């Protein structure tokens, strides 16, 4: 029983071909909407949380407790005049924010989200090489950032894009190595160790406990991927105004903004899936989604607190950190994972 | 009031050394050798016929304070940037607002006002009715203009 | 006194402590005052809106002289006041008033004085209060 | 490899604290040359002062260092009262000392919060302003205004301290040290903060003296010099405090010196509030109708230790009711001028960190 078969059951009368088509269409649209709303919710939660940490109240004028603030903001962003720089490279300039956001949404649709009572397992794609697909899709976003930085023809944007690329190169390798350790661990327990849901299902003891180093590396990588402080050198607002998104206004900027918060949410889902046991939990397995959400929210809160409490690291220090510390740590982690798997059989 | 070189004590108890413009550099050099390593302030006072230039010197070691005064009739004074780097911006400021030309200053430009500003505001004969407007050109440099339509 | 640099510690421990310190503040009460709904406490010495007692004003122009940025100008008002023969009264431009209290300090008859009223929001360029308007309560001044 | 790009930071830039414009030449990430361009907030307060009465000039001094206004008022009054010959009574001197020290803390707290923002820390800004709000409450209780207090006046202070203000100052003394410690720990315990400040922006003693740098920046370079000790004014000779000095000369040293100064200021206030004498708070010679008739002749230079450094006021009077010439020694201006020297050959991120420690307030630089 899964979300797909649940929907298929409703449209069965249409015949096999049409029903499959309609099922995927409707499920994708629902997913898209839910993901967008979830990202918007993350932004609202961030604003509320930031306000409370900073002894403020936060949005409270539009709607009850300011819940409609984001809709108002979205209207504002849509209504804004989109100012285009005169010297832009037109196509990449316009494609870049969309690329960032699309990459994010696709990544959302690759993850499994556990199950809920009547609906069953919630996923859209259950690819056999889900992990590879996920990180391939995540690699689309830096391209959008780079395009945005170069096509704006702004010195700040250019420096921001260069920083973003330098940053990406230095944490991608450790991140992939730490994911590889997960795959190694999972391979002892499941035949399909590149499929995300089978990796998570095999995770009876959370991998974060077995591989704390991997969790550390991966969490830092997710911070760097979402590019918020301390690793937001690409768009550091106190140095480069807004980095690669300096020249963007209106909804184009809004897409970058959504992309950033979406990445935080996505990163929390990935961290809780791979390292914190995902949708596994005590008692019934029917409420896996709830477990996953609780874990993700905890990771989101930790991310936000780190964001608010930390100063920005300098780009050369981060590159150093990536290559001299994160990479060796992730290699050690990989070796440990192999050791644990082969000799101890955990 | 005629300007007499010499020493006196000011109203606030500071030692004032009055020197002729020709002796200014040598006096300041000898003071710097004595340990007055902090040039605190350069002030120009427009006395209508002449301009008084006042140097406030201070020594961190001995905690002494001395004021050196000189006058100039053609608003030209030798620069002391080679003695104290802090004189750089002070002299630029005094050039900007008071119109004292410091001879030998490496980069004598206006500090606050746009480069093509007309007049020196702290002069007593500066016409404050004559409004100048400021705008920015293509390169991001400010310029002053008398045309109200051009300014903002 | 030489200031001491922080001692070298185990990496990340202090950082985590900092993050926890920030997190602790979630539980604290917000300090925001929701202005239009909650009125903030107005201190005793707080002063803003200038009032003028037309009967006491003798038209001595001292307030005009002492006003640092020329917010006060004298204006002729036809009014029967035996003490004010020249019939000139101050008007105040609140757009430039800095509430320096000099007018209140110098007024020989205490005719001009500052009050706690501060909600004088106006649209642009209508900050000039004529002497009669200065004598009215704020609610009655229609701009 | 000498291809540089000219980058224009400011006047509208998140980290230039107002309207500083830095013309920098960058080679990749490394800044090769810095040229500060200033004057965007220029109002020529010196000329304005020539056209107003002695008592009104105070207003323009409030607007110089607007984050710690009473400190500036004290600086002007030191000079003006000497010129006019109306010394303040004992109680006013102590009240002014308290206000000057409170404004020093207020100014340092703004700097602390803004420095956090420069480095990307969003939260300490609000904690710093939360503590600053307590000082603002004291200011508003004492003077009626939060920011531009206009509290001191020639010959004393406008209004006396009452019991409520004393009570609030005592409350502040009680909570301030722990809050300052908390703020300090948020910064110095953080490894990234240390890596951003330690050894960055080194300024040697010679450079600092040569450029006329004063205040915490000078003390962080190893010169134990403070006008409060070197040429005591107000009541500073009657209170115990220490001058924090560091010989390191880097960003971290400047940071720590300012933090320590805040602690010392709290100490000074707690002593001053105990020693606050009774008596008149206003010199009767300067009361009311005398305001616009005070005449001064001669010339006076007075220097005070403002939060940014040595704040000097030079007033020349010609016997009229208005000063003939007012000249202000702005500490931030001198502190900014050294940026040309210490901002060279660092990374862009470091340039922001260095210009953050110079503690710029543009009301005072451009005057």
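The first chain written gets the first letter, and so on, giving A, B, C and D; residue counts start at 1 in each chain.
Heads up, the rule we're going with is that a contact is a pair of C-beta atoms (placed from the backbone, for glycine too) under 8 Å apart; a residue touches a chain by one contact, two chains touch by 3 or more.
Not measured: the values here are computed from a predicted model.
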Query = Is the number of contacting C-beta pairs greater for B-D or for A-C?
reply = B-D
Request  = Find the chain most remote from subunit A, comparing centres computed as mean CA coordinates.
outcome  = B
Ask   = Roughly how many whole angstrom separate the Cα centroids of subunit A and subunit B?
value = 60
Centroid spacing, where centroids are CA-atom means, of subunit B and subunit C in whole angstrom = 38
Remark   = Taking each chain's mean CA coordinate, subunit B and subunit D are separated, in whole Å, by 24
Ask   = Just how far, in Å, is the C-alpha centre of subunit C from the one of subunit A?
value = 50
Message = Two or more other chains touching the same residue: where does that happen in subunit C?
response = 15, 18, 21-22, 25, 31
Sequence positions of subunit D contacting 2 or more other chains = 123, 127, 130, 186, 190, 192
Query = In graph terms, nodes being chains and edges touches, is this line, ring, star, complete or other?
reply = other
Inquiry  = Output every touching chain pair, sorted by label.
reply    = A-C, A-D, B-D, C-D
Message = Could you list, by residue number, the parts of subunit D that touch subunit C in their complex?
response = 52-53, 55-60, 123, 127, 130, 133, 137, 140-145, 148, 150, 158-159, 164, 182, 185-186, 188-192, 194, 198, 242-248, 252-253, 256-257, 259-260, 288-289, 291-292
Note = The answer for subunit C against subunit A in the complex is residues 15, 18-19, 21-23, 25-26, 28-32, 34
Key: subunit D-touching residues of subunit B, taken from the complex the two chains share   = 10-12, 14, 37-41, 43, 45-46, 54, 56, 60, 63, 65, 67, 84-86, 88-89, 93, 97, 110-113, 121-122, 140, 142
Inquiry  = Quick check on the complex: what are the subunit A residues that touch subunit C?
reply    = 49, 51-57, 60, 305-306, 308-310
Request  = Please give the residue numbers of subunit D that touch subunit B in the complex, ascending.
outcome  = 8, 38-39, 42, 44, 46-47, 79, 82-83, 209-212, 223, 225, 230-231, 298-303, 310, 312, 314, 316, 324-325, 327, 329, 333-334, 337, 341, 366
